[in-house]
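The chains carry the letters A, B, C, D, E, F, G, H, I, J, K and L, assigned in the order they are written, with residues numbered from 1 in each.
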Amino acid sequence: MGMKKKILIINGPNLNLLGTREQDIYGTRTLDDMKELLLRGAQTIAVDLDFFQSNIEGDIINYLHRNRDADGIVINPAAFTHTSVAIRDAIAAIQVPAVEVHISNIHAREEFRRVSFIAPVCIGQISGFGIHSYQLGLEGLISYLDSNA
Amino acid sequence: MGMKKKILIINGPNLNLLGTREQDIYGTRTLDDMKELLLRGAQTIAVDLDFFQSNIEGDIINYLHRNRDADGIVINPAAFTHTSVAIRDAIAAIQVPAVEVHISNIHAREEFRRVSFIAPVCIGQISGFGIHSYQLGLEGLISYLDSNA
Amino acid sequence: MGMKKKILIINGPNLNLLGTREQDIYGTRTLDDMKELLLRGAQTIAVDLDFFQSNIEGDIINYLHRNRDADGIVINPAAFTHTSVAIRDAIAAIQVPAVEVHISNIHAREEFRRVSFIAPVCIGQISGFGIHSYQLGLEGLISYLDSNA
Amino acid sequence: MGMKKKILIINGPNLNLLGTREQDIYGTRTLDDMKELLLRGAQTIAVDLDFFQSNIEGDIINYLHRNRDADGIVINPAAFTHTSVAIRDAIAAIQVPAVEVHISNIHAREEFRRVSFIAPVCIGQISGFGIHSYQLGLEGLISYLDSNA
Amino acid sequence: MGMKKKILIINGPNLNLLGTREQDIYGTRTLDDMKELLLRGAQTIAVDLDFFQSNIEGDIINYLHRNRDADGIVINPAAFTHTSVAIRDAIAAIQVPAVEVHISNIHAREEFRRVSFIAPVCIGQISGFGIHSYQLGLEGLISYLDSNA
Amino acid sequence: MGMKKKILIINGPNLNLLGTREQDIYGTRTLDDMKELLLRGAQTIAVDLDFFQSNIEGDIINYLHRNRDADGIVINPAAFTHTSVAIRDAIAAIQVPAVEVHISNIHAREEFRRVSFIAPVCIGQISGFGIHSYQLGLEGLISYLDSNA
Amino acid sequence: MGMKKKILIINGPNLNLLGTREQDIYGTRTLDDMKELLLRGAQTIAVDLDFFQSNIEGDIINYLHRNRDADGIVINPAAFTHTSVAIRDAIAAIQVPAVEVHISNIHAREEFRRVSFIAPVCIGQISGFGIHSYQLGLEGLISYLDSNA
Amino acid sequence: MGMKKKILIINGPNLNLLGTREQDIYGTRTLDDMKELLLRGAQTIAVDLDFFQSNIEGDIINYLHRNRDADGIVINPAAFTHTSVAIRDAIAAIQVPAVEVHISNIHAREEFRRVSFIAPVCIGQISGFGIHSYQLGLEGLISYLDSNA
Amino acid sequence: MGMKKKILIINGPNLNLLGTREQDIYGTRTLDDMKELLLRGAQTIAVDLDFFQSNIEGDIINYLHRNRDADGIVINPAAFTHTSVAIRDAIAAIQVPAVEVHISNIHAREEFRRVSFIAPVCIGQISGFGIHSYQLGLEGLISYLDSNA
Amino acid sequence: MGMKKKILIINGPNLNLLGTREQDIYGTRTLDDMKELLLRGAQTIAVDLDFFQSNIEGDIINYLHRNRDADGIVINPAAFTHTSVAIRDAIAAIQVPAVEVHISNIHAREEFRRVSFIAPVCIGQISGFGIHSYQLGLEGLISYLDSNA
Amino acid sequence: MGMKKKILIINGPNLNLLGTREQDIYGTRTLDDMKELLLRGAQTIAVDLDFFQSNIEGDIINYLHRNRDADGIVINPAAFTHTSVAIRDAIAAIQVPAVEVHISNIHAREEFRRVSFIAPVCIGQISGFGIHSYQLGLEGLISYLDSNA
Amino acid sequence: MGMKKKILIINGPNLNLLGTREQDIYGTRTLDDMKELLLRGAQTIAVDLDFFQSNIEGDIINYLHRNRDADGIVINPAAFTHTSVAIRDAIAAIQVPAVEVHISNIHAREEFRRVSFIAPVCIGQISGFGIHSYQLGLEGLISYLDSNA
């Protein structure tokens, strides 16, 4: 607890296009805006944030494996939310507490976006607050880690 | 914006027992703990919080109607999440921005708890962070209201 | 038949907001407009209309029980249409002929609004004609009562 | 509005047998009784009624196409209600306001009779009032046309 | 019983091609072979057979209506078996005892061929015996009529 | 065990009409008959029976909360059996042993009556024995409490 | 063909009660009546009929195995129709042509009676003609054997 | 009524192992304990109990047929509850009033254990009270027989 | 191959209204525009095009039967795509290679438009290119015929 | 471990015909070939093999009960795999480690063969290796027993 | 329009094996044949074709992102058609008009191949014409681009 | 046969963590333990084993393509079992005999783990024997290759 917590901020497919892509659904803020937002907030709390984005499911798994020593995860699995048993298994395997976040409200979109393979192995799920979802996810994670320390 | 925002904090059925009920699922914190947590946080932001709990679906609807002038809603519909079209319609009817929150991670429980009638008419959904879910929900709501002011 | 028929006009949840709520779906006419429309029409036929609205499912059941001596019912169960086995059972229990009406065309909206628990225990169902649905429902009911007198 | 409205009264398969067919479900009144009922009612309002019945799905479509200049439609699609995407498309194609009517209460019969392909492209649906359903349908249509004139 | 019974032998779509069409499924015998088979068998029993084939659903309904005075029906609805509520309703409407027959074993083919809209309003169903299915159907019908005379 | 056990006898919607309502399904005995039957039986065993009936889901929940000190529950949730997650959660929350009873055999009625949200959080379920179901339920409950004392 | 064909007539569970059991569904004729009916008909054709009835699924399978030298089978699997993969496999295994018959019209009864595990491995299925179904089944079988001799 | 009633107590597959098998689900009491419990209770009422257990579905059917003269049945079909149409048909065929009982609460176990083929042809169903379920079932049966005598 | 190929261009229900009907979905080009487009393209290849449109399912079947000598078919079954087993069977019966085409992208519309009864008996399916779909279909057909000549 | 392990080799319905039955699916090897194969392999390990085959579900259950002292089970439930809750319960009841084996690859056949009621109460499942599946099953079982000794 | 259009030709998993793989389904033509076919056709129109194949879902997404400046896409997603929400989202994100093509007729194969996650975000879908599907897809795309230029 | 057979041993996502990951489900043995186990066994038979693990679906496909000359495959697709049509297609495409293996008993876990996209294109499936599943899979494969040599 004297040491800084290491938190992974993971982004799934197409999120690298954030801010330029379908702005009516995903807004105009970019991944860099999100990064800056989190870093600013992180100054006051003892966390190291490690940012990662990939469009390749297996790269995300590899990243998760490489960082098994992390204290927590904030992950926006994007499209993989609804299709990836492998990422679900990876999170369960490394047993690092994770929070699933979404920029849009996935419960108000196509039917197939309402079910998540990932959420059942996470602490919780946050969706619908734009890039602010990451900030809320990080706070929720910290609060969880603190009360389970 | 010079005036304080009026925010409704609504709790559905059985949440009055919080802290005493199935503590392995819902934790040991009570509704009063939650209230205190929110009020403490609310001091630094210009909001008035109005707390309401009922086990009667229609009372929640009546409360929503009576408070149509509110600026935002944080609602934990509890069991009504999965059965109440009427509360869904009430939120849609009064058109006050709402956030759905859950203490437990509803995506990791019985199948019937994974689908929400309410979430599609909300800004977003937050689940799994204990009473901290309300705090995150309030923050998400404020942030939404600010960026849509 | 020399006596006036007693007809119940029952409105389910959120219909008290009629005319102010989602006007693209439900129109600009209020419950009072509906009331006036029915009363005007009722002058020429020997009926007493009793109006009731509640957002509480059980209050509607209580009202139905209290008025078991009625000759007929026009009911817009609103959201309860799709969720209330209890109101279905209440209508079946008191055995007063009932007509189910809807302001909007429920067959052209969300999938879950297409199925009614109430309609199978009614004479028939009318949906899609705005507040005029009540008038048609009342006429249909009167015509049914006359031909079954 | 100075001119009479042209209204199509369309009957689907087997309705030519009305009054002689399964009287416990469909009653003893014939299509001619219905015709007379509507014509009598139509005297006081400025409408021309055109009656059509066919057991052939495509003939109904042809009739709809030929009468694209009509002001409104009252259609009892009978069995085609549950199977004809083609009549649905025809009504959507000619964009004449239509009302779907049924003699029996289709919501209280076999499961497959509860879903209508036609209703979603209509103003509304009326079922369960015997041949009176047509009269209610015509009224509902006129009222719709008047308020959208 | 002193008079000859009038029996309708009805064939649905594509059966006019029998014997030339997909011979591995439907065999090499034609509708004329079937006709001859039935007529030969019918000599010893007092029945008049009336043969009808159409590819138009509504024509079959019209034929059924025109021949409401028949004593019985042997019908191979072919593809309409699985899609025609209208023919089902026509048979139910005229209340002439009917037997559903199929050349191929519909229970051993595509999933959608296993369910019949027509069979529930018939005495019974026979499938899988080539054109002999008609002969069996006729016998079954006669036997039914005799025991219900 | 020296003290009398407190047992709640709870009745859901429309059961106040018992004995007057659809007698072919529910019989001619009233709630008072049931009360008398139970009280007579209860004389020989050390139990205090508290009777409650409401048509309002939330009132039943409130009653359950108020009586959390009870030793056991016999509940006929009636229509709420199939729709109320909230009552299920209430019983699970207060952790008082409960038995679900039904007057009619719910497994021999409409499809939707075969599934219970309540039964999985109860000791067991009894259905089909008229008002005698309550007596059997009470006995089953006592026997359960005795063997778990 | 100079030799008599050996045909198995197999009856599944509860058919031993035929004629005494639910007469509105199954009629008043007994298995012996059926036997006599078939034997009378069989005199004119060169077949030996072997009758078997059992309420034990495995006994029917054993009987099928023991009689693998048979030329054909008429089987009324009764309740096993809808549940026995084992009898289906037995018929497929011994590769003796079989006809499935039913006394009642299984397509007009409970939903679960509409699907047969057995029919897909048979020549065809006959249902609805009382004990006459067996006679029709035998004829259909003979006709099949003759044309495939 | 001067004569003793003959009641069958039937146990399905694996119940012979009761008391030794999965004690967390089925308890430590054996079939003999159950027998003794029922016999003790039966002394005060004029019934003869006949006990039967088999792991063979068809033997249960044979037993039911042999004992068609019985006045009532208490049956725990165990695994056959969810798979045996044949036992359902046997009970319906002999028309002896039957009660279905279960030791464990089948509504709180695997999904496939929630549906019973047998219950719809019984007076009612009792589940969850250990071997006491038989006693309750017997009482419920006697009470049914008395009120229908 | 020295002879011109005979190709049928078949249009299902409501396509006669093309260009005037729901232009946002189906565009402004008419069937005549399509005809002209195909004929222009056909000049350079040795094909005779025969155009047919009908709103009557059976007429399309009759037309297919009459033209069994054709070398290929381009068919837009329109609404019949999703409901006509009979046209499916007709194409399978005459064994003329067929291509299914659609003006709109049926995979991006209502759920029920995504499944085709016809496509499984065709060479392939083309949808979404306006009247150009026919041209692509014709090319695909020609290419298929050439490589299978 | 000084003593020989007792292993049951159980075969379900129709497997007595192995080698003569549908050889394209099940191969030409018989149960005796399998027996010999296992016995040969068993010489080198300290196991006693007890072979059992029955076409009667209940006989398999009886055999399982009689041999509750066994150390392990290799079972090919054949058709009962997909229909027998009773065998599932028997294996769970006697708590002897079991391995489910199949000759054919059940995952590559009819849809209904993909789900097993038995596998969830077994150590594992092996399918697709002909009679070699038994050998693999035995090895897997031994290896399991050794590592759990 | 004076400049050449840039068109991406994308191939999903296993298509690199085209021509050598399951030739009865996919034919004998290779990806190079396809390339040559398209290039030959492309000479007469002003397009630059860029060919890409990958077995890695994320590589296809990366390729799509890198080439966001393209004018159009012809994509054969192969197996990813039925599983990749991520590619769907990528195409929607970059908003370049796309056509989905398939070598085989996916509507005539396994059930799971009939539904496409990709098609709803494309102009249209073409399947069943071997490598000619690409050529048709390219034509369809060009025609679309021309009419929307 | 004089040459050594080349066998691929392929491991899907997260299996690199074997032995350290969720030990209650997957055990304490690592991939290296498995490797050693197989190599030891392989000494006595003429096989070359090639080990491969990847968390990237497409890498597994590439590996399969590169090794199309292999004689056989033992594959544990892990999470890809339930989601990867692409690996299924790759195995079907290269037509190298494959065996699917699983460490845990997938038939005893979450519902979604019971269905495999891969198994239908394999010789067979083995699940539940820990790392011994690989050994059994290899044996089964060798036995298959030998009998099909």
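Note that contacts are C-beta pairs under 8 Å (C-beta built on N, C-alpha and C of every residue); 3 or more make two chains touch, one makes a residue touch a chain.
Keep in mind that this is a model prediction, so the values were computed, not measured.
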item	value
Common touching chains of subunit J and subunit D	none
Minimum number of chain-to-chain touching steps separating subunit G from subunit H	1
Computed distance of Cα centres, subunit J from subunit C, in Å	63
Subunit B-subunit L separation of Cα centroids, rounded to whole Å	48
Centre distance in Å when subunit D and subunit H are each reduced to the mean of their C-alpha atoms	55
Subunit J: positions in contact with at least two other chains	56-59, 83
Interchain contacts (touch definition) - all pairs	A-B, A-K, A-L, B-C, B-F, C-D, C-F, D-E, D-I, E-G, E-I, F-H, G-H, G-J, H-J, I-K, J-L, K-L
Residue numbers on subunit B that touch subunit F, as the complex places them	12-14, 16-17, 21-22, 54-59, 78-80, 82-83, 112
Subunit G residues within the subunit E interface of the complex	99, 102, 105, 107-108, 114-116, 119-130, 132-133, 135-136, 139-140, 143-144, 147
Residues of subunit L defined as touching subunit K within the complex	56-59, 61-62, 65, 83-86, 88-90, 92-95, 117
